[in-house]
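Report on one structure; see the data block that follows.
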Amino acid sequence: MSHLTAWPVFLPLITGFLLILLRGKGIYYQRIVSLSAVAGLVALAVALIVVSLPGQYQVYLLGNWTAPFGIVLVADRASALMVSITAVLALAALWYAVASNTDEKGPHFHVLYQLQLFGLNGAFLTGDLFNLFVFFEVLLLASYGLLLHGGGRLRTRAGLHYVVINLIGSTLFLFAVGTLYGLLGTLNIADMAARIATAPGDSLGLIAAAGLLLLVVFGVKAAMFPLYLWMPGAYANTSAPVAALFAIMTKVGIYAIIRVHGTIFGSEAGELAYYYMPWVLGLGLVTLTFAALGVMAARNLREQIAYLVLASVATLLIGVGLNGSSALSATLYYLIHSTLIAGAMFLLADVILKGRGAFEDRFESAPQLPNAVVTGSVFMFGAIAITGMPPLSGFFGKVLILNAALHHEWVAWVFTILLAASLLTIITMARTGSSIFYRTLPPPPSPAAGEPLNRNAFMAVIGLFLVSPVLVICAQPVTAFTASAAEQLLDSTAYIEAVLSAPAVNNPSIEE
Amino acid sequence: MKKLFPHPVLTLALWGIWLLLNNTMAPGHLVLGFILAFSISLLTSGFWEEKVYIRAPLMLLRFLRIVLWDILIANITVAKLILGRNRKLKPGFFYVELDIRTPLGISLLANTISLTPGTVSCDLTEDRTRLLVHALHIEDIPATVKQIKERYETPLKEVFTEC
Amino acid sequence: MLEWILSALIVIGAFFTLVGSIGLYKLPDFFMRLHGPTKATTLGVGAILTASVLYFSFKTDDISLHEVLITVFLFITAPISAHLMAKAALHIKLKRVGRTREPADH
Amino acid sequence: MTLLSFNIPVVVLLPFVGAIAAAWVSRYSRLASAWAATIITLLAMAFLAPAAGLPFQGETLIQSWSWIPGIGLTFSFRLDGLALLFALLILAIGLLVIGYARYYLSPKDCMGRFFAYLLMFMGSMLGVVLSENLIQLVVFWELTSLTSFLLISYWRHRQDARLGARMALAITGAGGLALLAGVMLLGHVVGSYNLTDVLAAGDRVRASELYLPVLVLILIGVFTKSAQFPFHFWLPHAMAAPTPVSAYLHSATMVKAGIFLLARFFPVLSGTPEWSWIVSSAGLITLVIGAYIALFQHDLKGLLAYSTISHLGLITLLFGFGTQLAAVAAIFHIINHATFKASLFMVAGIIDHETGTRDMRRINGLFSYMPHTAVLAMIAAAAMAGVPLLNGFLSKEMFFQQTITASQVSGWAWAIPALVLIAAIFSVAYSLRFIHDVFFNGKPVDLPKTPHEPPRFMKIPVDLLVIICLAVGIIPMFTVAPVLHVAVAGTLQASPPEYSLAIWHGINLPLIMSILALAGGALVYTARKRLFAWHDASVARWDARIVFNAILGSLDRFAVGVTRVFDKGSLQNAAVWVIVTALTAGFIGWMGISAPLLGARELLPVDGVSLAVLAVMMAASLMTAVLHRRRLVSLLMLGVVGLVVSLVFVKFSAPDLALTQLSVEVVTVVLLLLALYFLPQSTPRERDKVRIGRDIAISVLAGAGVAVLTMGVLTRELTPISDYFLLNAVPGGGGTNVVNVILVDFRGTDTLGEIVVLALAGLGIYAMLRGMKLPAPDRDSQGRLWSSDNHPEIMRTHTRLLFPLMLMIAVYIFLRGHNLPGGGFIAGLIAAVALIVQYLANGIAWTSKRLRFDMHWVIGLGLLAATATGLVAMGLGYPFLTSTFTYLDWPVVGKFEVASAIAFDLGVFLVVVGATVLSLVELGKLSDSSHKAEQQKRRTEVR
Amino acid sequence: MLATALLIAFSLVTLALLLSFIRLVKGPDIPDRILALDTLYINAIALLILAGLHFGSSLYFEAALLIAVMGFVGTVAFSKYLLRGDIME
Amino acid sequence: MEYMISLSIGILTATGVFLTLRARTFPVVLGLTLLAYAVNLFLFSMGRLTIGLPAIIDKTAKAAQYSDPLPQALVLTAIVIAFGMTAFLIVLALKARGELDSDHVDGLADNQQTPDQRDIGKNIDPDRGTVQ
């Protein structure tokens, strides 16, 4: 019996409580344990990808109870991909946190970090809707702690908003899950999908309502218009490694829409098949518009990057909403890109902020920061990547999505908004780069001066950014993978079949 | 032995509670209950600074009987008072000078006073010598005080000692 | 016979519980109202619990005594509540009906 | 594999690699970068050379590799005549510019950066012209925008450079995106992004309903890049770049990329009225406006910039005519413009370099200072003006001929040659101004430097270019003809039409036009003083840049407005949006499917007790809201709700829930009271009645929605999966309390997640409270000092008595949980409450001294215990959290059950205790330290 | 017989519950409300035991026991809040 | 009975929403607690209402004679999670009170209507419109 599917979930959990027990041992041990665990997670993620390549679903029956009665973990190409992105991002962000000593700014950083990963990987792998709620709560509470790590005025306020909005979101989640259980009598996603096909017609209205309610919940997580208002503040005001890790948080919402809605309200859902799609697409387009304007209106670099993340989320929503294998493949490709690049950008913003001393990351003239050429070049690179300019991966992701839109009836809207938003972000990022790197003041007196470049920490930034050219150069295998993942995601029938037929290990205590 | 059984009364009481909780005298629960009672009293011994012994178990039983009886009577009396015209009631505060000195004794006395309908112990002076009591309807304060001291304080003083 | 006893106990208990709340409802000041619930905790709940003990002891073969514990705990906790509430009321110098006799040296 | 199978991508990519090399070697020597750039360019030429002959043999070379097959993106290159011409221009002029720049740049300028940017730009341009795949073409196209941004902003300390670069990026970037859209639609129509396929599908494209969008989008790309009206204004502002950059970008490369695209798509898109109208209108307007404005520029480079705009308009106009001969003229003029304009820019740079200014009002009479340069400039300017025996004359003649041809197309078309003539007159005038105003016209005014001839090597590139101007002008058949021929063939994707490159075609209309232009130009120039005055007073104020800035500015204000109105940093705003969206979503979802609201399931009767109890709950709930400004009262009301909720659980057969709810309720109240101490005791009255009204409306709708939803579900039948749990709880889970078996076994992972949440809450609270200081009030809201009796004796004694009893109950509830209501959660909460009561009664110091557990440790152990049961199962070859149980029969004790789920539940118990106590005690400690701080303060105040 | 008695008892206790709640709403002072909440808890115990008798089930016992053991904690906390503001110090 | 429960849940939701939309942290916490009660009751009732049939296996009863245990287990989880969240939020409210000198959810002072000026920078382009 292979436990590979379970390990990405439980390794961070085990590391988490080991770190609690290691509390007295000092930061050095904590770092070693934490970093090794995340490195291990990367290895596990790679293994998971390799295992998922042939296209089999890895169904893991937790507690050895068959679906739909017990909780199952399901690894397929898409979930393996999400776990991998998380692991890579987490490694870089953790490296940065350690190298920049951010982890020392408050207690329990590493514990919160590991448990955050527990929640994330759980959310990506679970095949049970209520269990998804639980993992959401885990990752949220961990994220509350991480968000507030280090403290401070704006951070606390942003944290308060983040927590309250997410608590409302959690309440909505329970209303939605409750309704679905109350009408379908099950919690397993595959089983729900199977039951919805045979549900009595008069309950479809309520099921549809619950489905859209669930979309709102995931929309809050994904930062979909008009539910994203928690997001810019939260991302802009937390510490850099946390903001970087949070780049994956919005994608949890996207993934949940793909997985949960795509399965329950997928091709098998009869009258309700893909009924939610126009909302995803429409709201994605609106989100993108607001995000682009937000990028323009941002008051400092971190806020701007937060809005750029919002724009990338909106692009993903558009990709999801276009519905179809090429659109989904494009979405997954863009998801890899946007998550890792957004993470890198938050880290880079921190490098810039520290380098500018008292001027922080505000858009005003400041003395030239130390190592301006290196930082500036990397910034330019990042700006190109995140605004979707060639030759980096953002461009190709966007082209993939546009290409998928060609067959959609809303093609004009998609093209117009996607390209107009690109233009706004390009213009704005040029202004940003110009005001941070070009328009400099004479060197300041030493106390106001920024810190020199932390080369160790900077490695994390570079490492993440390097993903972008790799995604371009290896576009062929990567898109081949995302395409196969998309095919698998769209095949609800195979998913239902695989989950519901997964056999238990023969257990002597269960008498059949 | 004293280390193992810091509070034998407590251990016994806990054992009894366990059996009561489980509504049983089954051997398994006798054993388990004893183990639990023993461990919990050991675990919480730090919370009991003073040692408590029941010097006169029979006296305790008599005291309990008195109190329960008083509660029954007082309930009926007070029920009448409540259901009757409340304007006739003569509420009042009075102090009970304490002879009993141990915290546990004082507390149990206060407890008894409160449990008996019609009187509630409201406050203990900071020097722990007087207990402020409120009565719902009181005609003769000294008589009531005397009754409290005789019926409750004296037996309590005799039952519980500390060393 | 048992049914009669049970019925009587139940109704008595419920009655005293009600009396407690009536006291709470109609007595004129806080300190007097404080006497109401003591009925409920002692005889009110006590009588119903006795009914329960009898009922379950006769319904099943075993003696059911665990209800006693409820009374035991109520006897410990109710006075604490009353004491602290009274103390709080005294502290904030809550008004009492004018005819209340004040303690000797206050 | 021969060189011919991969050399084109090498040509394109080499400059990018070279850019890194050029930047890197600059750390060793200033000039090394220039040498590196030169070598790279030569190498690129060398790689191009073996293939250069193929177009002359009528072949098109395609080199292709797979890239993203899903969207038809290949990594592929194409060398035909058109591509070859442009590649040669880019490389050759690039080489000259590199040589020129090596002398132009001052020691303060970083050579490495400059040449790296220049090489990257060169690579991007090569990529544009050599791409076979259209998406790939767009990639390089956008790269030219990016690299030109870097080049224009090279002197980043200068504001005009920064602004010019950003404007160029904005306009050309926008065009690039439009081009992307156009190309994608084009590919969609054709079914392929490969030029070969696209070029072969011209008829299909023109017949497609997407033709107009494709055309417009691609033309936006073209017009922005080639500075066609109304996108022309970025170009003069790009003159803030170092002059070698201008020489390169605005002669042969950047701006010609748009023209290249016109030529590239000529066989596909031209030949329709839409094409003619749009392209020739833009070209004509640009031609005239550029020529006109150029005359009035006082900045030497400004004049050249507008001249460039004008000439680009000319070429565009030619393509707009849509005839093959017009295309020939266009291609020819591309070549000629590249040569004379590059040399003119270089001359401007030399003058700037030598005099320290570019203001023609100050630069006069340079002929005496730098005669060599002056002669070169004069020849090049004459070529620009279309003076015979120079290359500009030839293509201009062809141009005039085409305008005359076009004028016969329709009634209004006579205007074309007329307007063209006006433009030609101004063209001659500004050329004259360039020569006369700079090299003659009296003495220099107040120059920063005394000018003299530049270094000899700086002039060599100009020399070469001017020689080309002359050679082409005099002996076109022996110089430019073959290249022009293949370029035209590449453009048309067919054999070129008959055309003549003779210098003399006899006296014809074009010649007359040329003469008129020369004469008119001379006349205008002599009248320039009055014209300048008129222009400055009227037209000069009209600058498209103002419009651009106004658009950008209002966009910016709009962005700020929208963002701040929507994202105002207000939690209430955000929360309202979420709730309203949820309501809307639910409503829309339900409305989308026509189904009755209620089902037909049989309902339970209502009884009086439930009615009363629920009424109490509803009333208490309403009171909580109504009295919310009095916080303590509101909290008390909330307590009633909590109590009644647990009664509801009892009533409807959920004893476990009731027990949990009761315990949680107690802890929550303590927690909220702990916190309330540090918060205001009442909420200020809200003044915004509208908002209250809105909130009440939203609340009522939300409540109604949820009530309706509940009724909708409860009136329908349900066949849940739960029978399985009821049937398997005892045989499979070893417990009769099915809820508990679900929690610790069937759905143990939920529970595991849940205790992680609790642990996180505890740890998070601990982390938040670390180092936190809050002022503790020394009196209550009525101004009364606090009671001095902080630990009432009677309470202390009682609670100590209670402590072991409560623990006993916790153990009892824990152990029975698998079979009867209870379990780890509830037991944990009871134990936690037992501890909390000790803290309440005896204070933190006293209790902590007697309780030496580190609650972190308890939490950690709890998680360990819960996880360990799972891991043990894994070790035995079962999935995580697989449970097992067995019955033991011991003497005396009797038969009893041992279940691994108990160990799991113990973990739950420990985490609940640890997290709850940790949270509350840390919160309690907060007040402790505050109290001390407060007392300390009072003490110091007394002193 | 027993059923009638239970019906009467339920009615009486429910009435008690309502009266307690009215006091809670009316106040007038915080201690009155605390007392009313405390009484509500006691009323709930009575209801629970009656329910146990009604259904002939011992499953209601723990809930009643729990209220007896922990119901006072809220009351104590509220009172201590009035006394000291800081309930845990 | 179902209608009464629905009405109760509705009122809990309405009051919870109303309090959640208040401007001060403490009422917000109370509001979210009420919402938690509402949603817990909702989730619980989704297994349908049954009286006197707790899901404690009794050898004499059949499966249909028990209440649905699954929603109960879910609600138990939800209660505990909501408790953890409430605890965290109320402490965060204290932290906000400490950091922002106000218990307003946006950190506004008592008499303040708009967000704090300290937190609003200008995003005017430093380079724009100053040069020809």
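Quick notes on this structure:
Chains: A, B, C, D, E and F, in written order; residue numbering restarts at 1 for each.
Criterion: a contact is a pair of C-beta atoms (placed from the backbone, for glycine too) under 8 Å apart; a residue touches a chain by one contact, two chains touch by 3 or more.
What you are looking at is a predicted structure, and each value in this text was computed from that prediction instead of being measured.
Shared contact partners of chain B and chain D comprise C.
Touching chain D and chain E at once are the following chains: C, F. Comparing chain pairs C-D and D-F, the larger number of C-beta contacts belongs to D-F. In this assembly, D is the chain whose CA centroid lies farthest from the centroid of chain C. Comparing the CA-atom centres of all chains against that of chain A, the greatest distance is found for B.
As a whole-number value, the distance joining the C-alpha centres of chain B and chain C reads 16 Å. Separating the CA-averaged centres of chain C and chain F is a span of 36 Å. Chain A and chain E have CA centres that are 48 Å apart.
Residues of chain F in contact with two or more other chains: 20, 25, 28, 38, 40, 42, 45-48, 52, 54, 56, 70, 74, 77, 81, 84-85, 88, 92-93, 95, 105-106, 119, 123, 125, 127. Looking at chain D, residues 159, 162, 166, 552, 556, 560, 569, 571, 575, 579, 651, 655, 676, 706, 709, 713-714, 718, 720-722, 725, 746-747, 750, 754, 757, 760-761, 764, 768, 780, 787, 789, 792, 794-795, 798, 801-802, 805, 809, 820-821, 923 sit in touch with two or more other chains. For chain B, the set of residues that touch two or more other chains comprises 17, 21-22, 110-111, 121. Pairs of chains that satisfy the touch definition comprise A-D, A-F, B-C, B-D, C-D, C-E, D-E, D-F, E-F.
On the chain B side of its complex with chain D, the touching residues are 10, 13-14, 17-18, 21-22, 26-28, 31-32, 36-37, 40-41, 43-44, 46-48, 103-104, 106-107, 110-111, 121, 124, 126, 128.
By the touch criterion stated above, chain C contacts chain B in their complex at residues 16, 19, 22-23, 26-29, 31-32, 34-36, 38-39, 41-43, 62-66, 68-69, 72, 75-76, 78-79, 82-83, 86-87, 89-90, 96-97, 99-106. Note for the complex: chain D touches chain A at residues 66-71, 73, 113, 135, 138-140, 142-143, 146, 149-150, 153, 156-157, 159, 162, 165-166, 169-170, 173-174, 177-178, 180-181, 184-185, 188, 552, 555-556, 558-560, 562-564, 566-567, 569, 571, 573-575, 577-579, 581-582, 585-597, 599, 706, 709, 712-714, 716, 718-722, 724-725, 728, 731-732, 734, 745-750, 752-754, 756-757, 759-761, 763-764, 766-768, 770-771, 856-857, 859-861, 863-864, 867, 870-871, 873-874, 877-885. Considering their complex, residues 20, 25, 28, 32, 35-36, 38-40, 42-43, 45-48, 70-71, 74, 77-78, 81, 84-85, 88-89, 92-93, 95-96, 99-100, 105-107, 119-123, 125-127 of chain F touch chain A. Only residues 130, 134, 137, 141, 144, 148, 151-154, 156-157, 159-161, 163-164, 167-168, 170-171, 174-175, 177-179, 181-182, 187, 296-300, 362-365, 431, 434-435, 439 of chain A touch chain F when the two sit together in their complex.
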